[in-house]
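I have a structure I would like to understand better, so I am pasting it below and will then ask my questions one at a time.
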Amino acid sequence: MIALRRFLRTPEAVAGALILAALLAMALSASWFFPRDPQSIAGPALLRPFQDWTLPLGTDRLGRDVLAGLFHGARTSLAVGLAAAAGAILIGAVVGTLAGFAGGVADEILMRITDAFQTVPGFLLALAFVSVAGPSLATVIVAITLGAWTGPARIARAEVLSIRERDYVAGARVIGMHPLEIVFREILPNALPPVLALSSVIVAAAILTEAALSFLGLGDPNRVTWGGMIAEGRAVLRSAPYLSIIPGVALVLTVLGVYLAGEGLVETSAARRMNA
Amino acid sequence: MTTRLSINNLGVRYRRDGQEVEALKQVDLDVEAGECLGVIGESGSGKSTLALAIAGLLPGGTKIDGRIAWPGLGHAPLNGRDIGFVFQDPSASLNPVLTVGEQVAEVARTHLALTWREAFGLATDLLSRVRLPDPEAAARAYPHQLSGGQKQRVAIAAAIAARPSLLIADEATSALDTIVQAEIVALIRRLVAEDGMSLLFISHDIALAAQLADRIAVFRHGRLLETGETGELLRSPAHPYTRSLIEASLVSVEGE
Amino acid sequence: MTRALRLIRRRLIGSIAVLLIVIIGTFLLLEAAPGDAVDAYVVSVGGDASMIEELRRRWGLDQSAATRFAIYISSLARLDLGHSVAFSRPNLDVILERLPNTLLLMGSATALSFCLGTFLGIVAGSRPGSFRDRFLSIGSLALYAVPGFWLGLVLVVVFSVQLRWLPLGGIETIASGKTGAARALDMARHLVLPVASLGVIYLALYLRMMRAGMAEVWRMDFVLAARARGIARRRIVLRHVARNALLPLVTMLGLQSAAMLGGSVVIESVFSVPGLGRLAQEAVASRDTPLLLGIILVSAVLVILVNLAVDLLYAALDPRVGSSGEAA
């Protein structure tokens, strides 16, 4: 409760939380407000925003409702962003913890693999993966995860290296706990906080990568995505720039919301640590 | 004897964790020209706050009462020009990515209106004055290439580069081992005598301060307990706390 | 100088291992892709079933996976990245033809974002907590949230469509016949928007890192010591605080090179810059997996080289690098 109050004291964090709450509400209420398929024709083509209150943000080239697309797109952005970030943090934490705890050859191999994933541009890897595996929500999530787990892995490893010599780990060793049990019951939970502090950056990056992939036409073809909407609008950029600009603004606000809320959380937990 | 520095009714307060801390209370203290004044106290006694207050280095938001006057100076004291400051940890008080020559030379250049070439020349001379072996090479070295004692010699060279009239040594030997400590104390004594500087030697170790100081001031809980000529104070301390400090240091000397 | 040489040697050994892992990765992706090199060859050149059999045997594609991998490695060692179906030319030729444009784009974007980001970071970090510090901090966070490809479109709408100041896309005016300085100026005009779109997110990143780094260095003892020596504020800010805060940014310069190569894929597509990134998108569109994997390999080599250069730069800026062990 105190943490929440402290979190709400910084205006940036409140703004971030509000944006994220709005986004979540959009994603959850999309089918309720817009039960029709957002890819279906809703009105005349290229209707400008604020002309018709039943289609407040207008329509695209094919007469599809822009606002409905925005709501359904929020779903995709949020789902992909959260799933990819969760996957990246999970894989990264496990790889980093194992590397840090095992040491020696295993550590060397795992870290060279991490290096290799950091050497290949993540977006090119995602591109290759989606083009080989075919575009779908799941492959997009996996593709983004592939390029995002290395950061958490490095941080987890560094954290584990400092934790593994501490007393309670030595204690667990003395009472004969299985090494894997030590890793996952004693070390991983303690190595996680600094990794989680990075989560807002990872979620934001995942949302941006998803947008870029679908902008290039590699998103799930059966779903509305903001990146896809921006690409759609590009064809009529001269006559109807709003079609590209509106979903882009949604994207910017979303990512900004994630950053702001993330910074607020990190500051809150830092303040808590200091007072403890 | 003329008075170099005169402190009247000095009080220092600052806020920490929402609470007001009174670091110094009603301190009256003079430092004479050419005098070595030892300032003794445990950590938290306010002795380092005194040093920072004299050099105007207290963090923003600190409340300072009273007066610090420099009779005969004619202008507000300039750090580096009028006050030389040597800190406790020589590893932390030198910039790790600049050569030590540059860090001594920049003081000379700032205060003595020299060109960089002249300033570097002076820096090399200074490094030889503080007895660094091979001062030419030392000037080109980085801090991490020197030992703790050598780094403290560099810090002293930077402090005296512009020939200040007051040298403040704030626990300047506490981070060093005993042998190096004695060398640095000897170096400071020599430099102070050669340049006719006043010295404010701040230490928790009364025995060490007694080697250098003409006069000793004892601090506790932000207050000045007593001052006295060194021999006088050691022989007949007025305050029981001073006596306990002397006895504690005697025990530790005998113990070694 | 031996310090730098030791560093290079250690880096190179690590890089070879990394490159080998990347090659294994691309091989696995190649194996997973539908169709193989013979299919691709036959599509582009033509041939019947018996010829396909013959080719498969000759290229060792009927062998075990281990043999196929050995063949893959040995052809890579001969700098043979395979044949592009889409372009009917060797992959390496196509890639090398496009590489300079990408290097130009990335180099300009890196230079712009690093220099401007560092400068603004110093402006913000020289007075922590001041108005300009808070303004730049929030402004950079907002910029950090802007996807480059969308920013590119907005810039096109404003500067190319509305104001008509700058060209819509491409790397230079086609068949303009311009040479020398006129051609360079023409290319520079074409590069303004893509460089801005690619660089702005990194500008925000470097600004934020510099600002945070300076806030940390301000608290260090040697800054207090420099103030105690009466060093002018300007010199303290630049030579002591900024000089130390710059070091982590240089490291980031290497780490970001891979991300920036990825980012250039989308930016090059937006602005039709004929570079490596646009080639990657074309390879995806024409289902030319070997070409795409060739691009990935070349990118990995590029990232390794950039990191090597950054390591040397870092060693030049931080005298402590590589000297631990011998100094003690």
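Details
In order of appearance the chains are A, B and C, and numbering begins at 1 in each one.
Everything that follows uses one rule, which is that a contact is a pair of C-beta atoms (placed from the backbone, for glycine too) under 8 Å apart; a residue touches a chain by one contact, two chains touch by 3 or more.
Note that the structure is a prediction, hence the values are computed from the model and not measured.
Chain C has the Cα centre that lies closest to the mean of all protein Cα atoms in view. Using mean Cα coordinates as chain centres, the one most removed from chain B is A. Our note on geometry: chain A versus chain C, Cα centroid distance of 22 Å, whole angstroms.
If you average the Cα atoms of chain B and of chain C, the two centres end up 51 Å apart. The distance from the centre of chain A to the centre of chain B, each centre being the mean of the chain's C-alpha atoms, comes to 54 Å. Partner chain A is touched in their complex by these residues of chain C: 14, 17-19, 21-22, 25, 29, 32-34, 138, 141-142, 144-147, 149-150, 153-154, 156-157, 161, 255, 258-259, 261-263, 265-266, 269, 280-281, 283-285, 287, 289, 292-293, 295-296, 299-300, 303-304, 307. Residues 12, 112-113, 115-116, 118-125, 127-133, 147, 204, 208, 211-212, 215-218, 230, 234, 237-238, 241, 244-245, 248, 251-253, 255-256, 259-260, 263 of chain A are the ones touching chain C in the complex. Of all residues in chain C, those touching chain B in their complex are 220-222, 224-232, 235, 239-240, 243-244, 247, 317-320, 323, 327.
The residues of chain B lying in touch with chain C in their complex are 55, 57, 78-81, 83-85, 87, 89, 92-98, 106-107, 110-111, 142, 144-145, 155, 158-159, 161-162.
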